[in-house]
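For reference, the structures are reproduced in the following blocks.
One chain, chain A, appears in both complexes that follow, with chain B as partner in the first and chain C in the second.
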Partner chain A sequence: MAALIDIVEITKDYGRFRALDCVSLQVESGITGLLGPNGAGKTTLIKVLLGLVKTSSGRGRLLNYELGSQYREIRANVGYMPEDDCFLHGMTGVECVQFVAQLSRIPEIEALRRSHEILDFCGLAQERYRTVETYSTGMRQKLRFAQAIVHDPPVLILDEPTSGLDPEERVIMLNRIRVLARDHGKAVLICTHILPDVQSISDSVVILARGRVQVAERLSELSRPAEPALEVRLLGSPERFTDVIRGSGVPIESRSDGTLVLRGAPEELATQAWQVAEQVGVGVRSLTASRNSLEEIFLNAVREGGKP
Partner chain B sequence: MIGNVAAVFLFEWKRALTLPRMAWWAVLALFPVFIVGVIRFTMPDEARRAMNPIPAEQIWNFWAAMFYALIPMLVSMLGTLLWATPAISAELERRSWVYLTVRPNGGTAVLLGKYLAAVTWVIPPALIGLTIGVPLADTGDGWRMWWAMVRLVCLSCPAYGAIYLMLGTLLPRRALVLAVAYTLIFELVIRFIPAVINKLTVQFRLQALLVEWCNLSLAGPGGRPSGVQALIGDEPAWQHVSILLLLPPVLLLIAVAILRWSEFSASAESDV
Partner chain C sequence: MMDGLLGDDVVMAELDSDANTDGRGVNRLGYRGWSGRLESGWARWTVISSVGIRRAWQSRWLRRMLFFAWLPAVVFGIGFFVWEQAALYPDWQRPGMNFLGGLLPPHVANEIGESIRKGDLQSSRHTVWASLLQSLFRYPQGVLMVMVIGLIAPPMISQDFRSRAFLLYFSRPLTRGEYLLGKLASVWAYLSLISTLPALALYVLGVLLSPNLSVVSATWDLPLRVMAASVILMLPTSMLALCFSSLTQESRYAGFAWFAIWIMGWFTFGAATTAEAFNAQMTNGRMGRELVLEQSPWTHVSLYHTLGRVQSWVFGLTDFREVWISAAILIAVTVISLAILLRRISAPMRV
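On to the complex of A and B.
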């Protein structure tokens, strides 16, 4: 299958400042998290993909359309949700969405019908008839999301889609994105600073630092630790549990947060851990296969990227 | 593309129906009427008596120049300067530019839609001002005066709209400064330099047409040629009209080309 995004050695300079430095990247369909510290080049990369800025060198394709020359086709097939709070003054929510739908070549009546449908999906009820100036941060976020998806594009580029949302709304927004990706086959590129969001919904992760790609990998691969292990959290005193496990020849260590790490294949160790816990009379709070946290991966990538 | 332009045009008109913009609209329509009224009715009796012996031709010339200065010049210039110049800068400031340009042909549609909205927004107050002002002035042969001015308005608004829009695209961050500088330097100073360069101004064309369509006499005392003749030139009216009609599409094409090659969004956002 052809890559959704395939860019080769793209460099972008703003005067003497190099925002993207020989970036080569392949992004498959599914949900991809685009991560990076401030100034890493995330926004520039998005702008390059959308044809909003020209590259200094390099080439690439998005959905098989050539970056730079076929930007009209790219824009017709991409829904972009910018980070900036940009709304069209003096219009109601539904008018805003209808207007951008019309700009995406959808006839007026159909644009209005779709706008209502999308606003329902995005959870904007009667507020859709209020002027956008009166919207709360959360409502504006939903409106920007609605504007990005109203023309039913196969690719979505979402810049900070959950920033400014309360925890409940954040979960709902992530579910919407998940529904679009899993049930409607959309390819989604999410640019965010909120790592748990990426960890919870992304299939792949791209980490940029100082204009370079530090990591581009499937999240399942990245999360897999170098050595397989099982993390166990107990209800009760862990001493006897630890002794019995160690006595059976399984290496075990205790972390400062009380989590016990059993080295070995998680599937086999899980059964053993249940049995030992029952034997020594302690409860098991959680049993999980050990994974590298995205935070760790991110910090390592950024630190390595920061080395001269 | 036409649908996109129409959507922006209707959207801009909807946005124009706010109180502050309608107030500006009323000012543009009524300011010329007010000035004409002041001249017509508050002139001291002595002055009015002094005017009586003045030949009708000179009164006609006076009102033609007055209406020209107030409407095809002031209203058209000011109106289009205010609405066409910030076409891009306003969206950059509101940070909505990126939103609009990521639509297929979004940038071009915004540019052309705003241009049409600006021109159609300025022409009605100019026509209202004329329709009330000309009968008020009692120029003699008011219909001819009105018709000449209507044609000048319909040529000046699209031409100035295109110039200001192009300048606004060229330098969106300093659009109004550039537009005002252009107006003062080109249209008001260079226009009155009797050299070939003044043919590059819109005022040169409009004033030549004013002279032609209002049949103004440019002869100096004793029928000798005056200096004004040198400023008007001797090209036929059809040539001026053709150039003024050709100017907007050419300038709009240039504006679209500038848009295509510029990276406004890059400077609009601080994030990299």
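On to the complex of A and C.
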């Protein structure tokens, strides 16, 4: 499959400061998490994709449009949700969404109809008739999301889409993003600091540090541990369970949070764990195949990026 | 597990409940793709300008000002009426000239007196109409223009910077030029309401009051001169006002700079020409202040008077050789403002 975003050795300098350093990247359809510490170059990369800043060197394509020279076509096909508040004073929510829909060349009446439809999808009810200055942080977040998707773009670039949302709204927002990617075939690039969000919905992850790509891989590949293992959490005392498992020749270790890690193929160990638990009379709270946590991957990547 | 929580059924259930609880969601259609017909791209700036016009219209002060902006046109309309009556009926000539004397510059009033003596008042129609239109542009509408622009232009770009709305604009297929054109067109719309439209209405009134339609062939150029004078009024002033607006996030600073440049220019001109006239009177005892006003190089420090000089050339009342410096100043103001505007508009993206 052709990559939706394909950039080759892009460098961007702001005076003496190098924000992007020979970044090469291919992003395919699905949801991609763009991670990195502050100052890693995430926002600059987004600006480069949208043609808001010129690159110092390098080239790239987004949806087969040349970065830089075909910025109009790119912006027409990308929905961008900025991290910061951006709205027009004195306008209501629905007027704001209609306005950006019209900027994307949707006719006026259709833009109004479409805005109402999208605001329904985004969960902004009667608040849409209030001026945006009166909106709470969560409402503004939904409004920005509505503005990004109102023209039905095939690619979405979402900068911190869940920041400022309460836990319930956060889950709902992530679900909306999943619906767009899964049911409507949108390619989504999510830029966030909230790692569990990325872990929960992303297919791929790109980690930037100091302007360089440290990791660009499918999440399923990244999560696979170097050595297969099964993580077991028990209800009750684990001592006898541990002894029996160890006695059967399976390496086992205990973590500080009480989780037991059994080394070996998870499918076979799961059956054995159930049998042993029944034998020693303890309950099983959870059995999960061991995965590398995104936090771990992120920290390793950032550490690697910090090395000269 | 998280994957389970975000399973397909749960996703839809949560989105549906989001739409249905507390009566939300008029359409309840979820997300639907859109594949309608797009509008032509060239008109994108009209979206910005129409929003700019609507937002400015929310100001009660602006609405009041627009209402009062037409009152001077009524006075000048009476001027047209009086002159046409004087041209038809000799009884009207003396009172008519008294009234018109207050609206027209002295050299035009002298020209009318000359025509009356020759018994051919009709021959000065073009000059009188052009003078009335120029006076409308230069005096009442010139001042109103300063006030209207001072009310609507300062927040236009500064507020976009303050609320970071530039990301809203420039993440869309929009160029800096289209953005600027949209903003300028909002200002132009209001300026044409207070200058071009009243002037054109006055011309039509003059034609309707005249004895026959042959006056159109004698004065056909005046509507074109009105349009040209409008462009000269609108271009440098709107560019300058938006330039100030783009230099700050605080619209009050932009408004202050706008009014300051007019008021300071006016007072500098007034003080300098008064001193000049006094000096001239002391040396030769002949030169009156009217002549000083017309010829003084101090007009170039006042944007208001610079505009007036170029407009008097547009209406055919002055020779270009006398106003070329003023024209050059207006062109310079326009070009420099445009250059600053284009640079400032893209500035937020560079960081």
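Throughout what follows, the second predicted complex is superposed on the first by the 308 of 308 C-alpha atoms of A that agree within 3 Å, B and C clash if a C-alpha of one lies under 4 Å from a C-alpha of the other, contacts with A are read in each partner's own complex, and residues count from 1 in each chain.
In the analysis below, a contact is a pair of C-beta atoms (placed from the backbone, for glycine too) under 8 Å apart; a residue touches a chain by one contact, two chains touch by 3 or more.
Because the structure is predicted, anything quoted here is derived from the model rather than measured.
Q: Sharing chain A, do chain B and chain C clash or fit in the superposition?
A: Clash.
Q: In the superposed arrangement, does A:Arg178 touch chain B (first), chain C (second), both or neither?
A: In the superposed model, A:Arg178 contacts chain C only, not chain B.
Q: State whether A:Gly41 touches chain B only (first), chain C only (second), both chains, or neither.
A: In the superposed model, A:Gly41 contacts chain B only, not chain C.
Q: Classify the contacts of A:Ala19 with the two partner chains as first (chain B alone), second (chain C alone), both, or neither.
A: The answer is first: A:Ala19 touches chain B but not chain C.
Q: Which partner does A:Glu117 reach: the first (chain B), the second (chain C), both, or neither?
A: In the superposed model, A:Glu117 contacts chain C only, not chain B.
Q: Is A:Asp152 touching anything from chain B or chain C once the two structures are fitted on A? First, second, both or neither.
A: Once the two structures are laid over each other on A, A:Asp152 reaches chain C alone.
Q: One more residue to check, A:Pro161. First (chain B), second (chain C), both or neither?
A: neither
Q: Please indicate which partner A:Arg72 is in contact with in the superposed arrangement: first for chain B, second for chain C, both, or neither.
A: Touch partners of A:Arg72: chain B and chain C.
Q: Decide which partner touches more residues of chain A, taking chain B and chain C as the two options.
A: The larger set of chain A residues in touch belongs to C.
Q: Applying the touch criterion given at the start, work out whether A:Pro82 contacts chain B, chain C, both or neither, answering first, second, both or neither.
A: both
Q: Residue by residue on chain A, keep only those touching chain B in one complex and chain C in the other, then list them.
A: Correct list for chain A: 14, 47, 50, 52-53, 72-73, 75-76, 78, 80, 82, 84-91, 99-100, 102-105, 107, 147.
Q: Mind pulling up the chain B residues that touch chain A in the complex?
A: Its residues touching chain A are 3-4, 7-8, 11, 14-15, 18, 94-106, 109, 263, 265-266, 269, 271-272.
Q: Where on chain C is chain A touching in the complex?
A: Those residues of chain C that touch chain A are 1-3, 5-6, 8, 10-12, 14-15, 18-19, 22-41, 44, 47-48, 51, 55, 58, 155, 159-160, 163-175, 349-351.
Q: If we count contacts the way the header does, which residues on chain A are in touch with chain C in the complex?
A: 14, 47, 50, 52-53, 71-73, 75-76, 78, 80, 82, 84-91, 99-100, 102-107, 110, 114, 116-118, 120-121, 123, 125, 147, 149, 151-152, 171-172, 174-176, 178-180, 182-184, 196, 199-201, 288
Q: Give the list of chain A residues in touch with chain B in this complex.
A: For this pair, the touching residues of chain A are 14, 17, 19, 38-44, 47, 50, 52-54, 72-73, 75-76, 78, 80, 82-91, 95, 99-100, 102-105, 107-108, 147.
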